[in-house]
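Each of the next two complexes has chain A plus one more chain, namely chain B in the first and chain C in the second.
Entry: the complex of A and B
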């Protein structure tokens, strides 16, 4: 029986600058993500959920338990989607798959950005692989996650809650997305795609 | 969101705040026991209002008060059984510059 722990960021707090500031990571990881962990632990303490994996909890949870558990998972996944000295055009097998399906990386990026910019309120935009092997760009709201959709494999995400970009970009989501594309860890995406 | 924000600006003023005055002040004490007890209930709803959201004080058809939460652009304007009295915007853009993640502040 173990309480969940906040995973460390896979990089130094200033490693994503100038695209995402150290201050943003201090709040986003150190406060928001940390609070989801704290609340999740509080909700499972003394229950049989303490024996379950995070993914198992998410699959059957509703309400505050779902919100906190899913947000824990979503944020851990998001940190892994970012890296210093990364970003740019997709590489490897996912790079090939993107060009095959969308025509070009730029065409894919445009579609992704359009979904992300129009994703209303606190939300996430995801790249997933469907059962037939094709890619899809999907939006979820609040703590929603494609983890609960057993017909897709999750490849990449961008956090569109305002706390993800307000310090660095204020209201200008398109600028945040430019920063995001400069950081995407295509190695992680390729591992998910395999 | 246009309507919600216009309503929100009208809920704020300089040289204002503090304990409720007038008829609403009386109604609050009558229903909640004290202004502080009302404030505690309102804060509890607001702090636990998940994600982009609004917390509202409304008057119901029977004249009693209610504290309700809406999500995203949701508004009690669409509920013809209530009169909208007061709101606080809980989208992060409302407080992130001044309070970062600390909604209670």
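Entry: the complex of A and C
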């Protein structure tokens, strides 16, 4: 029987500066992500769900259980999408696939940004690989996650809830996205793509 | 106080972005509490006449309260414009 634990950030709190501040991470990881873990543990305590993996819980959950479990997963995935001394043009197999499908990395980035900027309210934008091997850019709302869509493989995400960028960028989501692109951990994306 | 604590609780519990509302139900001729997601308009989606709304999109409170939405919802009552709320209520009664 295991309670879920808040995973440590895969980098130091100030490692993503100036794109994402240590202050943002203190709240985003230390409060928001931590609270989802706390609430999830509270909901599964004393139930058979304590024996299940996070992914298994998410697949069958609804309501508050889904909201908290999915947000735990979404945020862990998001931290892994970011790294210091990373970002820029996509490298490796995913870099090649992006150019093949979108014509250029810039064309892909423009499409992704367009989806992300127009993603209304609390939401996430994702890069996924479909069953036929092609890439797709999709939006989800609130705690929604493509993890529950068994026809896609999740590759990359950006958190568009205002708590992800309000401290550093206030309302200017496009500037947050610029910062995001300077941090994308293409090694992680390539691992997911393989 | 009961209305305040019920509306506060419902508003804090809104998932993601949304609004908490004190509204007027014209059919039942009674006050009614509601929450709406995102920017969904109260009257169009529930039929209630809006009297007092609490914005809980994170941009409404993040600078001052960060993640602590309950503190913001507690504080908003200190600046609720009861004059405006009353005149909306009066208008709803007459309509």
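Brief remarks on what is shown
One rule holds in what follows: the second predicted complex is superposed on the first by the 194 of 194 C-alpha atoms of A that agree within 3 Å, B and C clash if a C-alpha of one lies under 4 Å from a C-alpha of the other, contacts with A are read in each partner's own complex, and residues count from 1 in each chain.
The rule is simple: a residue touches a chain if its C-beta (ideal position, glycine included) is under 8 Å from a C-beta of that chain, and two chains touch if they have at least 3 such contacts.
All values derive from a computational prediction rather than experimental measurement.
On the superposed chain A, the two partners chain B and chain C do not both fit; they clash. Look at A:8: by the touch rule set out above, it reaches neither chain B nor chain C. In the superposition on chain A, A:163 contacts both chain B and chain C. Within chain A, the residues touching chain B in one complex and chain C in the other are 27, 31-32, 35, 67, 120-122, 141-143, 161-163, 166-167, 171.
Within the complex formed with chain C, the residues of chain A that make contact are 27, 31-32, 35, 67, 120-123, 141-143, 161-163, 166-167, 171. Across the interface of their complex, chain B is touched by residues 27, 31-32, 35, 64, 67, 120-122, 141-143, 161-163, 166-167, 171 of chain A.
Against chain A, in their complex, chain C makes its touches with residues 15-17, 37-39, 57-59, 62-63, 66-67.
Only residues 48, 50-52, 71-73, 91-93, 96-97, 100-101 of chain B touch chain A when the two sit together in their complex.
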